[in-house]
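These are the structures in question, set out in turn.
You will see two complexes here that share subunit A, one where it goes with subunit B and one where it goes with subunit C.
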Partner chain A sequence: MKKETTKSAKAIRTRNNVLIHILLAVLAFIWVFPVLWVIMTSFRAEKGSYVSTFFPKAFTLDNYIKLFTDTTILNFPKMFMNTLVIAIFSCLLSTFFVLSAAYCLSRMRFKMRKPYMNMAMILGLFPGFMSMVAVYFILKAVGLTEGSLIRLALILCYSGGAALGFQIAKGFFDTTPYAIDEAAMIDGCTRWQVFTKITLPLSKPIIIYTILTSFISPWVDFIFAKVICRANADQYTVAIGLWKMLEKEYIDNWYTCFAAGAVLISIPIAILFLKLQKYYVNGMTGAVKG
Partner chain B sequence: MSEVVIKNMKKIYDGGVTAVHDVNLEIKDKEFIVLVGPSGCGKSTTLRMVAGLEEISGGELYIDGKLCNDVEPKDRDIAMVFQSYALYPHMTVYDNMAFALKLKKVPKDEIDKKVREAAEILGITQYLERKPKALSGGQRQRVAIGRAMVRDPKVFLMDEPLSNLDAKLRNQMRAEIIKLRQRINTTFMYVTHDQTEAMTLGDRIVIMKDGFVNQIGTPEEVFDKPVNLFVAGFIGMPVMNFFDGCKLLKEGDTYYAQIRNAKFKLDDFQQRALKQNGQQPCDIVAGIRPQHISVGEGELEATIEVNEMLGSEVNLHARSDKDEVVMVIPTVDLKTDVSMGAKVKFTTQPKLIQLFDKATGNNLIWYDKASAEANAPVCAKY
Partner chain C sequence: MKQLSREAELAARRVDVGHVTCMEALRSGGPETKASAFVMGLGNILHKQVGKGLIFLAAEVAYIAFMVLSGFHNLAMLPSLGSVEQQEVWNEELQVFLYTKGDQSILILLYGVATILVTLMMFWIWRGTLKSAYVAELLDKRGSHINTLADDLRGLLNENLYRLLMTPPMFFILVLTILPLVFMICMAFTNYSKIGDHLVLFDWVGLDNFMTLFDGSSVLGGTFWSVLGWTLVWAFFATFTNYFFGMILAILINRKGTRAKGFWRFCFVISCAVPMFVSLLIMRTMLQPEGAVNVLLRNLGLIASDASLPFFTNATWARVTVIVINIWVGVPYTLLQLTGVLQNIPGDLYEAADVDGATKVQQFFKITLPYMFYVTTPYLIATFTGNVNNFNVIYLLSGGDPVTNLASTAGETDLLVTWLYKLTIDKQYYNIGAVVGILTFVILAIGSLLTYRNSKSYKEEGGF
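Moving on, here comes the complex of A and B:
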């Protein structure tokens, strides 16, 4: 009798597993499909945006070559470098801001701590581009909206508000026992040394997580770049460039290049994720034991 | 020389809660002081104020004659061992122990020498290259002690260092701390809620309750001469028996303690002390330690409810009228029937009876008004 029940339980489990895996496979296919399509389009030899077949009739690398050689109308290499520089610097700044703010809120007790956290929470509920017009006028007032200063303006824009996103890092720091900090202070550390010598080495996962997220947002941002760059084609980031390629006058010639560009910008992010995914998972769950 | 002098030190939290009231304590050079009390009595807070981890709300703290109220922890030249060990998880045992010296920029070979020496004393040499994660609780605690030792601090602070260990390891580590103390010879402040640790380790014990110091004294003093009901009940296992509704009588010049229907003529030193205080007859709570009761004959009577045989002695829980009485009776030559339900007669020696004022809870003999009012209560001297 007992044997029978276990057997049927196993059968049910197998059946459920099969069903679940079929469902997951379908979902995965739906999810991967557009990605596949973009990759294939990027290798397509026929021009134009309207084609009747899913699979390209001929494959070519010309789209990629054109992206980097035909710089007369849309200077993709320049845009790529612009974006890279902006993303790297905003990433460094934001990471510093986020980790510092998170550390302070996790470790120090001061009067405005709770009100600040509540405020940050509420502000976080509004999309960032609500402030777009105000930000533009402020930047214009301080003279950062012309020439190569636009890059600086974008870096400030992306990193300035970063400290509002301290929650996850704070949650991670909260799991590190405070006694460790105290021990370090008694051992002769200043607050800054506690942060750099104890807290940061213990927080690799969350540092990586913060670097990843703060690299990605400037890397893919369109709205602020568009508002601040306006017609300064020199300062365009990849996101604006790709958008341009889809405009009426370019779409016929640039459609497949657009796909190639889309593949290219996802490569740095993909590499970062693959290299750091182990930490990313740890960072989300948080774990330092005393 | 490293004395610690605490003058009227207070801790008031932001919410207005007072965790520590006016503590006064003078810790002599190389003395081992144990702060003991139930949870939430302010003992850890006091220690943390000495460490500089909590701000001092009022009063003064001198370490080695220097006012330290506003000195950063790192500049106080103290070392601390935490209950949770608080080792740095990302460093090896060696680096954990060398960390403070590296920060002080001590030459490398000197660090090496000191770390190896401390590791040798503590028996952790073979673990120096390991991370704390790979150590057992006892080993971690040794590392934590080693980390404090290498610094040759003026004051060695320990915040319940043995509480996270199992009973056997705790006994072993306790013995090691005693040995350690003889070797490193510095001033110790030790916090615990375990009276056994307090009694075995301390040169002097500070008993705290609700943020107040109740008594400061040697282990013998706090055991034999408790100044009030709390100290009497806190120190000693099993807990002292208290007989409520007793009376202190005075006939002529002689004092008697009336416990239930038995009348004890008090011992000479008690007579002297009471006379000196001009004590009038009053209601008292009489305290008798379970170990100080003898059964078989006597003026008092009780029915045994529980009999716990421990081999060399037997713990009896008995009922005498409304009081529950605990007795610890040696089993050698025990002739009385102490099985459950048996009625026994019992008594004690008058000099072992503690007399507490029913109104104030203070010991009529040992409470010293002057020192209590100065917030550094010690037992009275006669």
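Moving on, here comes the complex of A and C:
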């Protein structure tokens, strides 16, 4: 009798396992399909935005070659360089801002600490680009919306508010024991030395996380770049370029190139994301606990 | 012995610095401290802090110079926002029309707001100089050590490190976040709009714009209420579909019987790698009336050869479509975020439930859900807020379409934010756009405050 129940329980468990694996496979297919489709499209020889088969009839690298050589209408290499420059500088600035704000808020006690944190929370409730038009006017008043100064304007836009996003880094600093700082200060270290020689070397994961997230944001941002670049086509970033490729007059010729461009900017992000998964998870749990 | 007295002195100094207020300085400070209110830095200069005093003095001189050169003019123009129109004048010599420079209200408003911010900062510095002068006076009277400029600079790397590190970010936040926000809020009280052709010269109109939006019978007002309604519906569904779907998926992947956990997670996470705007644009082209999905359905014979499913042309279809696609976009992130939280649920709770004979479904509703709600309330609030302000998904996917009511400025899937974008960038109704932004903020602030205060995690901190 007893043996029979265990057997049936086992059978049920196996059945459930099979069902769940099938379900997961179906779901995984739904999620992976568009990604595969983009990759396939980027190697497709036929032009146009629609073909009736999933697998291209002929594979080619022309889309990638065209993307980098055909610069008459949409200058992708230039856009790529623009974005790269903007990304590097705004990444440096934002990382500095985020880490220093997070360190101060986590380790030091000063009068403006609470007000600053409340302010960051309140500012976060405003629609992000409500002030975008106003930012444009300000940059225009300072003369940063002409020619290559647009790049500087975009760098400032991406990194200017970075210090408001200190939460994850602060959560990380909060977890490193304060006793280490105290010991160093008793040995005669200044706060600055503690920050640069002890806290930062101990915080590699969060530094990498901050650098990478702030490096990615200019690559994927579309709205700010569009509002600030306006008609200055030579200052466009990759995101605007890709958007342009899907407009009615370009879509037939450029759709496959769009896919190629999408694949190119997805590769670094994919690598980063897979590497960063665990920090993403940890950041979340840390934030909830704290 | 000497070391001991030095320590006591240091302590006294710390206490002194910490407890001096600006009012004390004005009330009980010596004449030189009081005079510092007018000649900033005087107190410091007289009490052996020449360098510091000169810096304060320089700040005052710079501020006065700025105010005389442009500040007072900026402030004086603020109430009227300018009235001189640009005019054409016939120039006899050159035989052409020349334009005289008219007032530009937008610049007047911007400079006015900036001047007010500079003045507030100056007031803050002024208070600092008073305190600093008073401290110097007290220390000098007592004959204790007074920090030289070099001491102060060294302090910036040590106990005052936060001043050094927080000032640059704070400056940029002030210029690129707070100033634009204040500027935008000011616009809500003007008639800066294409309506009535007020794009160059505009005036203060008080609360008129708010009245227009609250008045449900006007076109803008009617649009506002319907957009607000859909925004809340969207935010609710977008938040909770993702939350539950992500949670169930995380449970399925992490349950004991599932093989190849890493592989499944990889499958879902890989879709995060494609930048959101790319995947959204692809979805959009696929779902057009002549797009890939419709053509595929026609070829398969599932719909008539001339028919197409109205993904973005029928209001209800469009709304369901954006919510469904948002699940596709958002679930991988939710999966990652909730995995860690789910693994934190104490395992013995489930073991006890197993012993008591509870089914998996019962365990989900009695253990997992209460725990998750308890721990993730702040996360849910943040996600809800994020979804109310979720510009990308709607703008890139449907662009707010379909527009069923041609008189209104918003489509059926427009959220408050995308409507705000259309109002400001496309229509140039800057004032109405600003009001919409302010109202979005008010709704979010009240909403998140109330839910947070009523949530269990706020009421009984550290329960469970």
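Quick note on the criterion: the second predicted complex is superposed on the first by the 245 of 290 C-alpha atoms of A that agree within 3 Å, B and C clash if a C-alpha of one lies under 4 Å from a C-alpha of the other, contacts with A are read in each partner's own complex, and residues count from 1 in each chain.
Heads up, the rule we're going with is that a residue touches a chain if its C-beta (ideal position, glycine included) is under 8 Å from a C-beta of that chain, and two chains touch if they have at least 3 such contacts.
For clarity, every value in this text was computed on a predicted model and none was experimentally measured.
Colleague: Which partner chains sit in contact with A:V35 here, subunit B, subunit C, both or neither? Use first/second/both/neither.
Modeller: After superposing on A, A:V35 lies in contact with subunit C but is clear of subunit B.
Colleague: Going by the contact rule set out at the top, does A:V220 touch subunit B (first), subunit C (second), both, or neither?
Modeller: Only subunit C is touched by A:V220; subunit B is not.
Colleague: Please work out whether A:L27 is in contact with subunit B alone, subunit C alone, both, or neither, and reply first, second, both or neither.
Modeller: second
Colleague: Hey, is it subunit B or subunit C that touches more of subunit A?
Modeller: Counted on subunit A, the partner with more touching residues turns out to be C.
Colleague: Which partner does A:S131 contact after superposing on A: first (subunit B), second (subunit C), both, neither?
Modeller: Second partner only, subunit C.
Colleague: Does the superposition put A:L274 against subunit B (first), subunit C (second), both, or neither?
Modeller: In the superposed model, A:L274 contacts subunit C only, not subunit B.
Colleague: Answer with first, second, both or neither: which of subunit B and subunit C does A:E182 touch in the superposed model?
Modeller: first
Colleague: With both complexes superposed on chain A, which partner does A:A239 reach: first (subunit B), second (subunit C), both or neither?
Modeller: second
Colleague: Would you check which partner chain A:T190 touches, where first means subunit B only, second means subunit C only, and both and neither mean what they say?
Modeller: Both: A:T190 reaches subunit B and subunit C.
Colleague: Which partner chains sit in contact with A:I198 here, subunit B, subunit C, both or neither? Use first/second/both/neither.
Modeller: A:I198 sits against subunit B, while subunit C stays out of touch.
Colleague: Both subunit B and subunit C contact which residues of subunit A?
Modeller: 190, 193, 288
Colleague: Show me the residue ranges of subunit A that touch subunit B in the complex, using the header's touch definition.
Modeller: Residues in contact with subunit B: 177, 179-180, 182-190, 193, 198, 201-202, 288-290.
Colleague: Quick one: in the complex, what on subunit C touches subunit A?
Modeller: Residues 106-107, 110-111, 154, 157-159, 161-162, 164-166, 168-170, 172-173, 175-181, 183-184, 187, 249, 252-253, 255, 257-259, 264-279, 281-283, 285, 290-292, 295-296, 299, 328, 331-332, 336-341, 344, 375-376, 378-379, 385, 389, 391-392, 395-396, 416-417, 420-421, 424-425, 430, 433-434, 437, 440-441, 444-445, 448.
Colleague: Under the definition above, what is the set of subunit A residues touching subunit C in their complex?
Modeller: The touching residues are 13, 16-17, 20-21, 23-24, 27-28, 30-32, 34-35, 37-38, 49-50, 52, 96-97, 100-101, 103-104, 108, 110, 112, 116, 122-135, 137-138, 141, 156-157, 159-164, 190-193, 195, 219-220, 222-223, 227, 239, 242-243, 246, 251, 255, 258, 262, 265-267, 269-270, 273-274, 277, 280-282, 284-285, 287-288.
Colleague: If you look only at subunit B, which of its residues touch subunit A in the complex?
Modeller: Counting only subunit B, the residues touching subunit A are 51-53, 72-74, 78-80, 82-90, 99-100, 103-104, 133, 147, 151.
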